[in-house]
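Below, subunit A partners subunit B and then partners subunit C, in two separate complexes.
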Partner chain A sequence: MKKTKSATLERKKEIITALEDFGLNLYEQMEKGVFPSIKMPSRSIENIHYSSDLRQYVLGERAVRRSARNIRHIRPFTQLVWAAYFAHELAKHRKTSTLRDVYYSAQAYNMSFKDQPESNNIITDLETVSGFAREDFNVFPEERSAIFGDLTIEYTVPGYEGKQLNLTSHPDGVMIGPALTSAEFAKTGADKVIAIEKGGLFTRFVEEQVHKKFNALLVLTAGQAPRATRHFIHRLNKELNLPVSIFTDGDPWGMHIAMVIISGSANAAHLRGLATPDAKWSGVWASDIVEYKLPSDPLTDIDVKRLYELQKDPRYEGKLWQKEAKKFLKIRKKAEQEAFSRYGLTYIVDEYLPAKLEAFEKS
Partner chain B sequence: MFKRFLGAHPENDKRKTKSNHSIYHVVSRGDGWAVVQSFEQISAADFFYRNRDLAGFTNPTRAIFSSLRELVENSLDAADQSGIPSDVYIRLSYDHERVVKEADEVKSKDENLFDNDVNSSEPKVYRLRVADNGSGVPARHIPSAFGQVLFGSKYKLKQARGTFGLGGTMALLYGQITTHKPAFVVSSTGGARIYMYKLVVDIQRNRPIIMDRKLLLNKEGWRGTIVEFSLEGDYAKAMSRILEYLKQTALVNPYANITFIDPKGRLYRFSRVTTKMPPPPKETKPHPYGIDVETIQRLIRITPCRNMIDFMRNHFHRVGEKTAHNFLESAGIGKTRTPKRLSQEGIVRLVKMMKRFRAFLPPDASCLSPIGEELLKAGILKELKPEFIAICQRQPSTYSGHPFIVEAAIAYGGEIQGKNDIVLYRFANRIPLLYDEASDVSWRIIKRINWRRYKVTTGMPIAILVHICSTKVPYKTVGKEFIADRPEVKREILNGIREAARQLQHFLTKREHVEKERRRLSTFSKYLPKIARFSTELAGKEKAPNIKKLLSSVRKYEEN
Partner chain C sequence: MKKTKSATLERKKEIITALEDFGLNLYEQMEKGVFPSIKMPSRSIENIHYSSDLRQYVLGERAVRRSARNIRHIRPFTQLVWAAYFAHELAKHRKTSTLRDVYYSAQAYNMSFKDQPESNNIITDLETVSGFAREDFNVFPEERSAIFGDLTIEYTVPGYEGKQLNLTSHPDGVMIGPALTSAEFAKTGADKVIAIEKGGLFTRFVEEQVHKKFNALLVLTAGQAPRATRHFIHRLNKELNLPVSIFTDGDPWGMHIAMVIISGSANAAHLRGLATPDAKWSGVWASDIVEYKLPSDPLTDIDVKRLYELQKDPRYEGKLWQKEAKKFLKIRKKAEQEAFSRYGLTYIVDEYLPAKLEAFEKS
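Let's turn to the complex of A and B:
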């Protein structure tokens, strides 16, 4: 595991260099007496394609040019340069920030953004020109999810360098925040990862010792998984070779939470390392609702509409996805993860989970 | 046919039996009795006394407004006449004498009687005094000028504010019937004497009755006229109109000093900004296109000419030797015929041919006195204080043989307030027209223009001014409040406003451009230095790149 350690530090260095090069390029253009400009891949919808090789969305060939010569570009251009400068400061001083924080920090440089979306968009521009995710620049989202299980990590954040922590040390789980995201993996006894959509079930699993019984790391996605969490799952899968299974509510929205962890989203087509193509959606499936006779609710019109959309989505080409989408539409029912409580509090852990994990191993 | 006749029958039309013109009839009643209606004739003064609405004396509010404006307009005319910039002094006060008398009668102990609040609105008795530095009235004409309606010096073919020989006398007549007091007129033409008259109008006879007459020695060589009389009115209600009237009058007469002291003793002063006056109008002869049978008959009666060529040349506007020949030839009228020998049919034919003949020259504008671009600009600047003024003076034109000139202006920005509706100022022969705006031809024209074409949007601070001057302004009433829809006049007004609107559009477009360019430059000079600064920091350089050249290149690029 020594290898990963240097990899994290290496990456930090790469990022700093990339930002400095970006600045130098602009500097030299101005020295030559020309208006600085940059070229970057276009993020317009026409330029987002699904790559079946990479099993995620990617950006196509199209590029856009931003020039300080253009009156409509100069403001976002300046904001982008500032964002690069700000990210460089964060990296240099090993500080972290959030999107909200970036929005406010700009004001200190007399660089006010009109609103949060504008500043978020500039950060995405920075991701696109540099090819690094904002988490790499130490800019983290507000929402936070958690992890629990037998994994020992080693911090790299200032003041904690070299300190280790076992992620079973707190029963609520450990928050997947900046410190954990940048930590290195020291050792683990787990042989799988179970991602869970809802906090209630996550707590139940901890109480029921699922991590021990199934030798698993439990990750709470808390609804749609934040990018830091998706990146973290990606690392668990890639760096530790752990298979990942995902449990969500049995409805189109739960389905899609699993899908974004697996194949990523179109919004992040310019980035790599957020998707985990080998992860599996393990339930709750439409067929589970029938098989386990789960208490259910009828699908709403919006649910149905969403299902039709998903059926056409290139990420949903796989057999399982098509089958389950069809099944939802057939039975016109949906069920939450908590529906298993009908058979007693431990049923989901004693009966359902083993069956599902067994099926997963076989697949 | 018979039915229609019945329709016009006085018995079937109550309005007609009421009016005292000469409707008379013997009515047969079912029982065989016949009633003979009485006939009478009334004087012009009596007619206007009965129909004072026609002249703008509808109610106490309107009456006080109309009295003031009629006298002010006479004063302005008199000054124009003498070619000296006007000084008009107007004082409106409570008629104390009257109040005291009434107070005695009711033995009121109210101490605050004189502290009448002008804001409490009810008709009161006022004393109006208007003094000017105009031409003065020749002594022998003073009584008739002010004590007889349809008597005046402005029936000539030459532009003036007054036209009907009615306004001033109507004001005095109104004062007389509401207060039963005589009026005072003091005037001098600058000679050795000043004449002072105390008079009332004999309404039934339309004649002045002189109650007193004094002669004063004019040691200082004063010239001008002072009129003072009492009248009932409602100043509280009329105040805003009166002030608006004076302001607009000052606007189109920027060479006039107008002073107004209102009943509360408040002083309003509209000072001249120039002593330059529009060139005075010259009196003209009638134009052949505007002629009628009656006019020809009068001309024939007085003409010394012995043949038709001379007759045409001497009595008509812009008819020379050649035109006279051509006309008479094409009309088939003998050139050597003696005018006085023309038969009635011959006169009717002459008028008909005159209207039909295409080659008469259009009337020239020497009888008109438009304000002119320079003075109009000065007036607008002084009273409206806008940021921008567009003015269009149209070429002289004619309707039914009457020459007229339209001047249109648009003022924008500055102290002009943005309103939801367009603000229109209407003027005719340098008189502001305040009432019945919606009936005016200009108003309708403005409503029909697509203002967005000229970049004008609702709420924009703009005011539109339309001035028409003519020997015969096509007023719809003797109250001089609004202009009738004559197609020729309409076209000129429309074109005038359009031209001014185009100028405004240019101005707005140019300003938009300048504003856009200013914003553009400020955007560059705001952001480029920042790009330089952050790039320098990122690159780890000591010195920022020189961006001065880049900044100046943006500017240069836009200038050409």
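Let's turn to the complex of A and C:
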């Protein structure tokens, strides 16, 4: 796994280089005696398309240009240059930060943002210009999710460089925060990844030794997976070549948690490396509710409306998605992952999971 | 720390014994030829009082009795007996569970709960009868928080018995889930606990080595601390004799996050061991907003309403609380922990934290 190791470090260098190139380019324009300008793909809705090749949303051909010549552009132009400077500082000093920190930090530089959305938007501009995610610039979200299983990682964060941790070391799960996200993969005995929506089920899987019985890494998404977790799943799939199956509640919101891991979101159309197109949604399907006679709740009006929306979403073109969305609308029922407890606490591990993983391998 | 160790194991035995005594008592009544009944303190609002001795809410003298003789009692009576049986099974087989699992598991025993609140309420009955928290019966919440610092714990969960982990082993923080909560304390070099509301600040503190510089264990509450985390803080204070200071956002909601760690909630008046009365709220105070000239937002109407409520709450009788609540209302401003980034990312660690910890020691 030598290749993995250098890939992570390589990426870090690329980020610093990209930020420096961004600044250099501005200097070069000024040296030529022209007003500096920045060109980047437009993120307006008309310019967001679903790419069936990449199996994620992408930005189209349209571009916007911000010029220091244009008085209306000077404010966002300056803010963007400051954001690039600040990101470079973070990367150089290897400090992490949050979107909220960025907003307040600006004041230390007399850089004014009128509110949080304005500074968030500038960070998204920086992502668009550079092609890197804000997590690459060490701007991390509050939310944390977790992982458990036989993967040994090697830290790259200051104070921990070269230290290794096996991810079975804490049975409550190892938090996926800045340190884990930036770690390198040293060794794994696992041959698959199982992503799980709910904390209770994650704990059950650890207790029932799913990681050993099924040779799996268990990822807790804790609801909608944070971007750092989606990127981590992407890396597990791509760098370690592990197939990924996703288990969520059996309702449109669970479907969409799986879909965002698989195909990403329109908001992140300007980024790559967050989606895992080969990952599969393994359940709870509408057809599972019928087949396993699960305790269920009736769909609400909001659930139904959401299902109609999903049916029209280009990411939901595939056969399975259309079939299950239709089935939900037909049976008008939804069920949670915990509903399997109706057959005893270990039924989901003893019966349901093996059946689903077998189906996955055949698919 | 031998005492600590046996205390944890002791508690586990006590729980099983308490559940068995509960059952035994019912049998004894039946053998005497009487309808079995269960007596427990009433949890109605009139029976919840604030105890200034215990510095937490407690239940008063009023009791309720459920008798198998009364046809209206048979349903909750049976449900409670089942819940005790199920809790005993969980404890015996050392399996964890969630409130949602309990609800669905009942169906495996043909025990019917009409909805989740009904089964939650029965679990609270079981807490009240036994005096143990549902986490003691291995019924855990979804939410997780985290800890970081020089504390070595020893697991008691199956498969990990006797294994130790030092809580500096993962710089994103070690999740406080069922395994950590039930672990024994083996060794610590820390002399204080710092609890922090926000994930971003927790990460900053780890990066800036607050655990080393201030010899502290860092606990991330991630907003309102889950009960398991409050119990864990209680244990750190009581078993290891560590003073606890709490840092939250500077607004009524932050104040209350600190207060619930310190004095608990009315909902848990039937329980002991969740509150840490000697813990202190160290900031962000309203007076800090003034003193440090922090970037702030105006209080909303809801904030103001909440402050008036808190002023009347018996837990807020203390001088500091009254003074700060008044100050918030006077300045009509609130500030987040991240607002200190206005003076640079490390200002909070370099200047604010030492000043606050010094004040804490003098208090």
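Methods note: the second predicted complex is superposed on the first by the 360 of 363 C-alpha atoms of A that agree within 3 Å, B and C clash if a C-alpha of one lies under 4 Å from a C-alpha of the other, contacts with A are read in each partner's own complex, and residues count from 1 in each chain.
Operating definition for what follows: contacts are C-beta pairs under 8 Å (C-beta built on N, C-alpha and C of every residue); 3 or more make two chains touch, one makes a residue touch a chain.
This is a predicted model, so every value here is computed, not measured.
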- Task: Return first, second, both or neither, reflecting whether A:Ala179 touches subunit B, subunit C, both chains, or no partner chain.
- Result: second
- Contact breadth on subunit A, by residue count: subunit C or subunit B: C
- Task: For A:Gln107, decide between first (touching subunit B), second (touching subunit C), both and neither.
- Result: second
- A:Ser97 contacts which: subunit B (first), subunit C (second), both, neither? second
- Task: Go through the superposed model and pick first if A:Gly23 touches only subunit B, second if only subunit C, both, or neither.
- Result: first
- Using the superposition on chain A described above, determine whether A:Pro295 touches subunit B (first), subunit C (second), both, or neither. second
- Should A:Tyr85 be classified as contacting the first partner (subunit B), the second (subunit C), both, or neither? first
- Task: Considering only the touch criterion stated at the top, classify A:Arg144 as touching first (subunit B), second (subunit C), both, or neither.
- Result: second
- Item | Parts of subunit B lying in touch with subunit A, wherever the complex brings them together | 520, 523-524, 527-528, 530-532, 534-541, 545-547, 549-550
- Message: For a test of understanding, state which residues of subunit A touch subunit B in their complex under the given definition.
- Response: 19-20, 22-24, 26-27, 30-31, 33-36, 68, 71, 74-75, 77-78, 81-82, 84-85, 88, 109, 111
- Query: Which of the residues in subunit C come into contact with subunit A in the complex?
  - Reply: 95-98, 100-101, 103-105, 107-108, 140-144, 146, 155, 157-160, 165, 169-180, 198-200, 203-204, 207, 209, 222, 295, 336, 338-345
